[in-house]
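Chain lettering (A, B, C, D, E and F) follows the sequence in which the chains are written, and residue indices restart at 1 in each chain.
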Amino acid sequence: MSKIIGESLKNMPWQEKPEGLNAPVWRYSANPIIERHAIPNSNSVFNSAVVPFEGGFAGVFRCDSRSVSMDIFAGFSDDGVNWNINHEPIQFEGDEEIIKREYRYDPRVSKIGDRYYITWCNGYHGPTIGIAYTTDFKTFHQLENAFLPYNRNGVLFPRKIGDYYAMVSRPSDTGHTPFGDIFYSVSPDLTFWGKHRYVMGTINGDESAWQSKKIGPGPVPIEIDKGWLLIYHGVINTCNGFVYRMGCALLDINEPWKVLARSRNYILGPETLYECVGDVPNVTFPCAALTDADTGRIAIYYGCADTVTGLAFTTVDELLDYMEKYPLEA
Amino acid sequence: MSKIIGESLKNMPWQEKPEGLNAPVWRYSANPIIERHAIPNSNSVFNSAVVPFEGGFAGVFRCDSRSVSMDIFAGFSDDGVNWNINHEPIQFEGDEEIIKREYRYDPRVSKIGDRYYITWCNGYHGPTIGIAYTTDFKTFHQLENAFLPYNRNGVLFPRKIGDYYAMVSRPSDTGHTPFGDIFYSVSPDLTFWGKHRYVMGTINGDESAWQSKKIGPGPVPIEIDKGWLLIYHGVINTCNGFVYRMGCALLDINEPWKVLARSRNYILGPETLYECVGDVPNVTFPCAALTDADTGRIAIYYGCADTVTGLAFTTVDELLDYMEKYPLEA
Amino acid sequence: MSKIIGESLKNMPWQEKPEGLNAPVWRYSANPIIERHAIPNSNSVFNSAVVPFEGGFAGVFRCDSRSVSMDIFAGFSDDGVNWNINHEPIQFEGDEEIIKREYRYDPRVSKIGDRYYITWCNGYHGPTIGIAYTTDFKTFHQLENAFLPYNRNGVLFPRKIGDYYAMVSRPSDTGHTPFGDIFYSVSPDLTFWGKHRYVMGTINGDESAWQSKKIGPGPVPIEIDKGWLLIYHGVINTCNGFVYRMGCALLDINEPWKVLARSRNYILGPETLYECVGDVPNVTFPCAALTDADTGRIAIYYGCADTVTGLAFTTVDELLDYMEKYPLEA
Amino acid sequence: MSKIIGESLKNMPWQEKPEGLNAPVWRYSANPIIERHAIPNSNSVFNSAVVPFEGGFAGVFRCDSRSVSMDIFAGFSDDGVNWNINHEPIQFEGDEEIIKREYRYDPRVSKIGDRYYITWCNGYHGPTIGIAYTTDFKTFHQLENAFLPYNRNGVLFPRKIGDYYAMVSRPSDTGHTPFGDIFYSVSPDLTFWGKHRYVMGTINGDESAWQSKKIGPGPVPIEIDKGWLLIYHGVINTCNGFVYRMGCALLDINEPWKVLARSRNYILGPETLYECVGDVPNVTFPCAALTDADTGRIAIYYGCADTVTGLAFTTVDELLDYMEKYPLEA
Amino acid sequence: MSKIIGESLKNMPWQEKPEGLNAPVWRYSANPIIERHAIPNSNSVFNSAVVPFEGGFAGVFRCDSRSVSMDIFAGFSDDGVNWNINHEPIQFEGDEEIIKREYRYDPRVSKIGDRYYITWCNGYHGPTIGIAYTTDFKTFHQLENAFLPYNRNGVLFPRKIGDYYAMVSRPSDTGHTPFGDIFYSVSPDLTFWGKHRYVMGTINGDESAWQSKKIGPGPVPIEIDKGWLLIYHGVINTCNGFVYRMGCALLDINEPWKVLARSRNYILGPETLYECVGDVPNVTFPCAALTDADTGRIAIYYGCADTVTGLAFTTVDELLDYMEKYPLEA
Amino acid sequence: MSKIIGESLKNMPWQEKPEGLNAPVWRYSANPIIERHAIPNSNSVFNSAVVPFEGGFAGVFRCDSRSVSMDIFAGFSDDGVNWNINHEPIQFEGDEEIIKREYRYDPRVSKIGDRYYITWCNGYHGPTIGIAYTTDFKTFHQLENAFLPYNRNGVLFPRKIGDYYAMVSRPSDTGHTPFGDIFYSVSPDLTFWGKHRYVMGTINGDESAWQSKKIGPGPVPIEIDKGWLLIYHGVINTCNGFVYRMGCALLDINEPWKVLARSRNYILGPETLYECVGDVPNVTFPCAALTDADTGRIAIYYGCADTVTGLAFTTVDELLDYMEKYPLEA
């Protein structure tokens, strides 16, 4: 059995795997947990990130307004299922040039030491990766953007690797990017970034077509005894648009750009009405995971059809076994 | 409180706003009111236009056949909800060159004096704006096309403005047009058109992204004490296609190309299954509105997913308040 | 009344036409008959082909795996409705160069003499038409690919025509082909193909827009006293993607590239949730038909939303009458 | 022999047809007549229009600046070959909303009565047709734009036809338009336009592929005893871009939307270095013609490679004979 | 030294390699040998094919007319440099369905036994490979099209290989095809084609980018002691369009789909004005080669800028040495 | 008069401005200075960079091979006009992962202290900015790539600004990028990069259309008493492809992301045959500049039509005056 390197989290949301289910990830029975109109002026609440916080849970939420303006909001929960989301978006402190808002979306939250770092897709003459930190989810200090445009889906590792802060991200273009690989970058200070390494890319041909158009990192990587467990999204381009599904990979613990294992099969994809029908049909997009080191349990928070937020469950062993059973050979 | 300049219409369809609803427009509880197979050979009945007529209601309906041929049909109703639509499309009288049918779709009906004018997207070596009138919804006299190709969504004002008939329209291209602004044009005689003025266009950036790809006029503008109240459609381009929503604007009463107010928020968008699932998913497309001058009530008829017809309600004050609460600052 | 030239098939699946239905084809009341997870590792089971076999039924099924790898699988059924599909894909015997698998999808099965010929879209440096035969659905002998790339939807006639084996197919390109016409080709030996003839193409303009973007053959043509009855798919390109519907045509019995009649109306299109919602929304794609010569009954197997398999019923007379009632005049 | 209905113009530029030339149009031997740097800040001087004026010639010239800003300039010449072009663009008087400049290009000049009307592609929230008049080429009075966007190449007939001013034009889209047909429109007053008629379009297939992508009117139509002689441009789309050539057509004298004859062959195309090499290679684009009623001579002014201005010669009989020899049968 | 397996041809055109030239192919000093207006109504004479014939030379020429209609014409020459091309295109005898002309272009001529076979890109509801034969270049017998659409550049080997006629070709799409590989097909009778084998494709990445977009066969393969020497075209896609260059390959003598050697470097590309400037800039496109078995000399006929015809020289040893010096390792 | 902050360079190439020339930059009279076949296996030698070196000049040259493989080569010259370029590309020393070559092109050379830093477009799973240094142009030490893909045109400033090395670059996509702005980034150590600032972008509309599609930095910025003088390239998209021209800007000396002045007019564009005709027509692309502090002279090296290398002259005052005369007001 594999072990999560981390803390125990007894109160994390959980349901047991349904009898007879032939899949490594299962949905929460009362999905979606957050509806599109969860706050007064929201059109949709989806790609969002949560962490344990002061005995309960806190999070940063993507709420598109009814003008379809994209911003990120703080929220709080006792049980990780029922959420109170602030009605006003996060205000940042920092360098005036940097905190100017064009748009903000698809946040992740990574706790490093006693700081909660938020990363997100930040508009700065094109999409790039914004970084900020908070200790209380009230005051947020914004740092330099990590990269030049154009980039989306920057996800910080939960600790330094070697001497460096580490991030995986997906370089992109200015629009509905028709390509996407995952890269690894490091920084001594969260300001200057370098030593960029290619981690993995799309899979050509038929072997694993669900991830043939683009892939990008999802939740903060989970440290386990065997390496870093990365849950990511993969996209196929059908004649009727993109389908977003989830997969997982195991990265080397010290050199995370080395891929030790990777799922040939997706681990979750759009099947329910709330995943298949909405503002952008056929999207399941993971942005956060809660884990319990005692049990190996994982709770995945994911956006559904770019409209609502879903919750799904798995364990470290389920994912590792599944990668082993359906290994990617390409 | 604002006032509609017009007639009272005591028998218009109406339902009160649901308790606690946080939105300016609400759906009819028994939507859709017209199903896709409403007449024997129809594939779909959607973007359609209705008016009060002889104590009840008459209308012109877009019915696509099961060969997916697009034409417009007359129909009648006592209550504005239950409709009898003719099984054969409208036949027009007029100049032989003009009445030749290529295709016809997306009608509007505007009563000016004692004539009911129908405008629609008319195929004439490309889409342009067809015009015809009737007094009885039995005999229809077709006039010259208003413009050169390519144009869609021509909507006549319900009275002359100054010395001229007036129309708002959306110039387009030959296909699934990736742009679209609203222009204002006038005519002394409904044959010759000129004095074209730009009214308003799409909104770049993040402030009001639901109307970032194209916009076009919907129902006949409603005259109120403060100007012309225009309900229009706006489109965003997602990675999985266009989403059509509704917004509103207030235009100057004498110079309607001057925009006095405009909604930053959409007022209705695809959320129900019948709006999100159908031949063209995620479309809510308004083509007509009934109004009651006594109460300020408005009933909007709109196409759903290019498949069925829906009905929704609001009031003049709801719309004006909403524009004031969520003003467009761009 | 028209007659099917063929065998009787008393045990074929059947339901009577619902009262009052105004359409030539009706759905099985318990659709879909095959779910997406019908075998342990399947993501979807859809465009598939069945034939009578040893008193019951056998078939070849497209099952996309949960890595979204496309392959074809044998399966068996007593009643044509409940199916046992093998968990491993078909293995082929034959020339080593030819049996190398890139991908395989959208099979058809045609019985000629005592052999069951399978044709499918076969990856060989691009999509082309693979051919194989079996007598027992256990051992499959693969022959030469019929054509150069790029081609999809090769369908064999169920007997020689003149001295030749005969096939209809749809030449394509390397991607989500934006065009598609049906051609007829013959072969003395199933290895060498020639005498290619254009059969029919898309319909421009408004007369029959559901088949304006591409068309391709569906089930094995049905021999009737008046010619070959061909059920085919037609595609329209909307602003939100392709919609796949079904139509039918009557081809000359000896020179099948001559079209005697063709449906202006589609005979079935996406309307139910399982046809409108899935991995590729709005797809109904027919690949096989069972027929009973005694009664003229036809049971159509069709893929739904590229996700599940549906069953629908009609008769020869329903289709011929419908083509006569809604003739294509272009 | 055909006759030009018009004035004699003894001093128009002229060279005799070269011996043995097998083509209906021949180039001026000292082409190009206007170089790209003809005025101090010009990048290029090309699609331009000239008329007889006060015993010599005047014209309106498209000069793109070295910032590649597009504007139109007045110019004067004694002999029609050597030109003095003003260094500052034309300033217009008129309605403030209308004279606001976005961009201006591709002018034509048509004398009607004692006024010289200039039409051009005028930026007004998209390209449309600007109209202005002058009597002295010093003061220019701008009228309403003729049409809604999007249109290019509006060309006025040199007299009223019936009771109306008449114009041929080419509706377009917002970019490098991939389509283009010629339409006819009329106006009682040059402000309101209507009664739009399709004149002619592109030629599909192989019969006349040089005009398979788009066509548009060139110089002011020439009145002859047999009808209106129209010189126009036609475009083919090669794998390396558009090629612009010239053709001609004969339109009915009273109903000019009726095409009496049309050239299957182009009459001039890019062959010389100054036509094949420049800012936009392979463009010959006619915008004006001088004619002499006494002799039937025609001098065509045309843009070369969007960079310089060329001059070419022909006669009415050359063009009519060529259309008769190479008739378009489509 | 390598040997050509074939006949001697003492009177073939020839010039010695210029001193100091560092390239395997050199141009004829008086290029182009055929001008665009070589026959009365031609716009261009380019991709054309020649063979020895009755002591002199005959050929089939692509002449686009001044309507830019594409057809093929017979022509004759005493010296292979100065050509008399018929003024009317070739008329074919054969099956009525087959000889209907849509368009014809890019011919090749291959002598097999005492027949001269012409293959070309033939319009039959899309481009495919037409085949015909003649013995006298006066009467031409057209056979079945070799393949389904869409295909261009079908080139027959000059003798049977094994029991079969053999052809290399390039499957394509309907337009300016953005892909292209070379395939090998055989036929017992020139009517039925099969046993299709992939020969070689484009080269991704940077190693040999001139052939990164598409490749296709050029002249009839030349039999040498080491195999078949194939001269082919390769295309790169620049931001300003396609550039067509020539390369060569050595194919196995009995299994020509096996590539023994292939040039990494192009052997000729657009450099001169007549290759870089014309209707389609930057095209050098080889369609025929004359060879002399006594000396190993090769004369290549190639289209220049889709406008004129050029001639270039090389030898078998030059090409083999060049492939050896610059081997393709991909 | 403005002053260059730098060294004197008495032996730099120079020609006086031609009499009467109305432009700020003039071509060397014997252009091009480097032909396409300058080294044995080159197809083209163009976007290249030179610096003063040991009393003469050294440089790094983009030479595409005759396989159209892109690499960079060292070269040497006594006079800056006649060049000896090495026949083999530069070999780099460094981290094994980094020095793996995919492709290399468009180099710049910037002397900082006693090191010559080369930057170029470096293939690493997409184009990014490679960095290396040399002191002798024999041994080259490659450092980390500066950024994640996708980026082109990284240009180092010739000294630290504040505490940091500084670079301007153009983020891009994977292909023929249809957008392009200039950004500024800094690094403490040439390995880690951050503090990215937007400098300037394309100009919409008509004011300065030559730079409406993309812009990117050219030579190493020139330090003058008023700031940094940046020569850059700008691109317009015509219907026949991109046209690349040159402009200039003045950046703040300490905060170079602040633009003090910028040319509305281009300063040089394609006009001569060697600029308009070649592998990519209509390209003038500057990559290096020599300067003499004593006289203010500037010699610009630029690629012509992606085929040959040109040389042009100007002075600091010419450029500053021209920006002042034609200021960009957008």
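Structure notes:
Just so it is clear, contacts are C-beta pairs under 8 Å (C-beta built on N, C-alpha and C of every residue); 3 or more make two chains touch, one makes a residue touch a chain.
Just so we're clear, the structure is a prediction, and the values are computed from it rather than from any experiment.
Each step here moves to a touching chain, and the least such steps from subunit D to subunit E number 1. Averaging C-alpha coordinates per chain places the centre of subunit B 55 Å away from that of subunit F.
Remark: subunit B and subunit D have CA centroids separated by 40 Å (rounded to whole angstrom).
Among the residues of subunit E, those touching two or more other chains are numbered 240-241, 273, 277, 281-282.
In terms of inter-chain touching, the protein chains here follow a pattern that is not a line, ring, star or complete graph.
Touching pairs of chains, sorted by label, consist of A-B, A-C, A-F, B-C, B-D, C-E, D-E, D-F, E-F.
The part of subunit B that touches subunit C in the complex is made up of residues 36-37, 40-41, 43, 65-70, 102-103, 123, 176, 240-242, 273, 277-283, 306. Touching subunit D in their complex are the following residues of subunit B: 97, 124-126, 128, 144-151, 169, 171, 173-174, 179, 181, 183, 185-189, 191-198, 201. Interface residues of subunit A, counted against subunit C in their complex, comprise 22-23, 205-210, 212, 236-241, 243, 264-266, 269-271, 273, 276-277, 281-282, 326, 328.
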